[in-house]
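Structure, as structure tokens:
Think of it as A, B, C and D in the order they're written, each chain with its own count starting at 1.
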Amino acid sequence: MMQPSFLQIASTFKAVFLDSYGVIKNYNGLIEGVPQAIESLREKGIAIRILTNDASRSQEQQAEGFYKLGLKSIQYHEIITSGMMAKQYLQHKILHGKIGYLGTENSAQYILQSGLEHIAVKDINLDDINDITAFVFLDDEGFDWNYDISKTVNLLRRKNIPVIVANSDKLYPVSKNDVAVATGGIAKLVENMLTKKFIHFGKPDSQMFMYAFDELNQFGTFNKNEILMVGDTLHTDVLGGNKFGVKTMLVLSGNTRADHADAQIDASGIIPDFICSSIGI
Amino acid sequence: MMQPSFLQIASTFKAVFLDSYGVIKNYNGLIEGVPQAIESLREKGIAIRILTNDASRSQEQQAEGFYKLGLKSIQYHEIITSGMMAKQYLQHKILHGKIGYLGTENSAQYILQSGLEHIAVKDINLDDINDITAFVFLDDEGFDWNYDISKTVNLLRRKNIPVIVANSDKLYPVSKNDVAVATGGIAKLVENMLTKKFIHFGKPDSQMFMYAFDELNQFGTFNKNEILMVGDTLHTDVLGGNKFGVKTMLVLSGNTRADHADAQIDASGIIPDFICSSIGI
Amino acid sequence: MMQPSFLQIASTFKAVFLDSYGVIKNYNGLIEGVPQAIESLREKGIAIRILTNDASRSQEQQAEGFYKLGLKSIQYHEIITSGMMAKQYLQHKILHGKIGYLGTENSAQYILQSGLEHIAVKDINLDDINDITAFVFLDDEGFDWNYDISKTVNLLRRKNIPVIVANSDKLYPVSKNDVAVATGGIAKLVENMLTKKFIHFGKPDSQMFMYAFDELNQFGTFNKNEILMVGDTLHTDVLGGNKFGVKTMLVLSGNTRADHADAQIDASGIIPDFICSSIGI
Amino acid sequence: MMQPSFLQIASTFKAVFLDSYGVIKNYNGLIEGVPQAIESLREKGIAIRILTNDASRSQEQQAEGFYKLGLKSIQYHEIITSGMMAKQYLQHKILHGKIGYLGTENSAQYILQSGLEHIAVKDINLDDINDITAFVFLDDEGFDWNYDISKTVNLLRRKNIPVIVANSDKLYPVSKNDVAVATGGIAKLVENMLTKKFIHFGKPDSQMFMYAFDELNQFGTFNKNEILMVGDTLHTDVLGGNKFGVKTMLVLSGNTRADHADAQIDASGIIPDFICSSIGI
């Protein structure tokens, strides 16, 4: 593993895929030096795509969020979310009925806008579920965990329908030290209760990489070996990038601490091609 | 697998270990015919012990509960709970500091009465955790799931202390069709977040069987082949009983439905020595 | 789930993806009626692709195998194997050094022809492994299990390199009743020993579907909802097809027995859009 | 965690449970200083029991092995093996038929001497298995892995019988750097193929600790807080000892390297009460 700066490494690629949380921003806002790094990539003509497992907000909402933080050049088509993969799935596979969900009304609106009605778990009458044809774990907010998780278990015990997890992340950071249980964690709990297989979207799965790759190739010709995936998490960003066949960089500005990186790479067998402290340095 | 009645089979043993929920009682109260079955066992001089993964109430509280339901002969020493195993562990291994917990004050009082202070997760100040020396998952009630589960994750990220799960069951029945997520399910979620090993008590672990066996042998001489374990769940009652080396009976009055029993035995490889529809018939 | 015949259902699609083993052929040769079914698809102008987790033989070798069995119309570009995915990965990600492998020389030759040297586990000197830069599980034949599995464990303990599993299937059928442990099973054993993450190729992963989809679209315009995936295994063919977003059909001519299908769908939560006894009927 | 010497710590206990491999001996013979340490324990009147997951040899054979290495004071009743737990299980639960096994004839003889016939996998005719009533994974030697592992899978697919794993260890050390796949690893592979639950014996399960505890108490009165469990492996020795409720010591003379110990304790959440470099120092 070589250790020149992010920009030196990135300069040898035609496109860079960036994770959002822990790479571009954190609980505090933009990570130091990120606007300059993005600017440098733009100047060099290097294409940028942001691949995020955040399914709680649409591309437009996320682009707006970056704008408010000061990253004004991010266009919404440059953002690929795991929620988009879930949405695509629902459009192809669920053609009638109502979609039950656990999450906020906002996430339901942008992911479930497939012409079908959607209904929050809390509003479902368990004795009248004939018309519910799929279920989606959207977000960790927007419901009462004390009641709605068990209610979801019972719904899915009563009716065997496709269950989609729009964000497979088990936790997300909320401050320097602390995390919160994320959608993927709750979905995993329910999956454990039922011993069933849900359909998970998001990194490390190849689908998001494929989507980003296809989208990118509408703007030019990009081969896999001309793309660098940059992330702060071995099990999602690096594993997924490696498997998809692009070069990968681990940055130490998020989930993976500098003093733990080597041990975690060794223990996991997930090996990035490059390691940098941050894209902002 | 032979299929005579429970009492015919039980008559060939000196002692019977019974699971509580799904065998003796259910969401409706006592299962039909159970008082008569217990009475018959008493008349034949067959010793009874109740082995339950319910850690939310003490032996005395559970004996009182059976009394109110009409089972007046159950003495408190005949009840062995997974909570007692957790209590014993804490007494031997945690000799100073405070014990954090997730659960009700009632369960905390009977399990944690080891001379040490205890403190509910909601009352813990995450910036002042030096004196917390162990953590216990006691019950699925008594806390706000929306906040206290993530807070537990953060406590256990900040401090590496022994974590005890007083009841490993993932779910419990609340009505004919429905279940609720139990303590063991929440503990599993947190364990997944942290990728750590907690210390789980309750069936199928041998410890409760061993405890019941030792306690029983203070009242006479009982060999393992003179004991029958009766339960409604393959993965706890039957697996645990098989492993401990006693004969096992699956009853179909609880978790395992009559029309699924053979398939589940075949799929799991957990094979009871006997199958009966209920101990009450 | 509707139950018209395979051909009636297939007629409503522009392309059909077929699993090989259990759908087209079995331990006995071609499954009854398959040549006629393939012929009918050709006549209707429905595109065919065969998606197989068999990584032991190249496209050409597999096409030749079908030819010998009497399926003369299968062209080699219509066959997509998990081995091809592994090969692609190696070409993009492993640019120098030697590739260690467990498998036959034949599978090594077609998968590892990336300009790099390859070396069988049995020929590796564990004290001289500096130049080994990746490892591939290719096949369950071609080595001595008593020695070479442990030797692989030790190689991978000594050096942290990317490990690729060219076929994730845990077992394969060898007769009406019996199976054999497959490459994926051995890889899983080694993964368990090391508690590391290997890179697995093959269904249910999206990558093979994506590859087939892209390849297909070089011959016309095919949308996902115009494609039917047909397989005999819920956890690979149906799960993968569902996730990729195409319609799925379970056939009962292979791994999934007719009298178990409903129970397995119910237990797994993996729901095919269609069920047929065979493509040959 | 305090760090005085092993003997200083051990002196405060009435009994010491020792793991064998990595604590008393290794691939080279006795670990340095062990005879003197054992001698010191004897002089102080501290009871010794050796708890080993090695099921390949009987108590007598293992005592003889220690004698030859120069540890002349170890009596055979002081050795408790996971094989003895398996033997006890078979005696209580399997009362007729033949016991199939994977392992050496030697291990079969001492574990399976329960009055029943036993038959090696290689000698089983898969078309005549009516009289086979249980199966035991005994040892990693004594059979051809290329054939007999798949044959075991097929036997257990054809007939649903209790399956016992006499040694749950996944690997064992064969030299300073290298390991070999152990019985528990092979059993896990087969369990994965079948998705069934086998009955595993050996640490960390409570049963061996219970057995040692009961056996010890025939020679005096020993409470749990007067016993120290010493082992080189967090997931077996320390986890098992912690759960059983005795104090635990991790030694760094075997599986757990000095420079990895803290990280592994932190990552696993398995916390020993004491850490020493070796019992011999």
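Here is the rule we use: contacts are C-beta pairs under 8 Å (C-beta built on N, C-alpha and C of every residue); 3 or more make two chains touch, one makes a residue touch a chain.
Note that the coordinates shown come from a computational prediction; the quantities given were computed from them, not determined experimentally.
> If you take the mean of the Cα atoms for each chain, which one ends up farthest from subunit B?
Farthest chain from subunit B, going by C-alpha centroids: C.
> Over half of the interface residue numbers used by both subunit C and subunit D, so same, or under half, so different?
On the two sides of the subunit D and subunit C interface, the residue numbers are mostly the same, over half being shared.
> What is the distance in Å between the mean C-alpha positions of subunit A and subunit C?
28
> How many angstrom lie between the centres of subunit B and subunit C, each centre taken as the mean Cα position?
Each chain's C-alpha centroid was found; their separation is 44 Å.
> Whole-Å distance, subunit A centre to subunit B centre, using C-alpha means?
39
> For subunit C, give me the residues that contact two or more of the other chains.
267, in rising order.
> Which residues, counting only subunit D, touch subunit C once they are in their complex?
Checking each residue of subunit D against subunit C gives 126, 144-146, 149-150, 153-154, 157-158, 170-171, 177-181, 185-186, 188-189, 192-193.
> Once bound in the complex, which stretches of subunit A touch subunit C?
Answer in residue numbers: 88-89, 92-93, 156, 160-163, 194-199, 205-207, 210, 224-225, 235, 239, 242-247, 265-271, 273.
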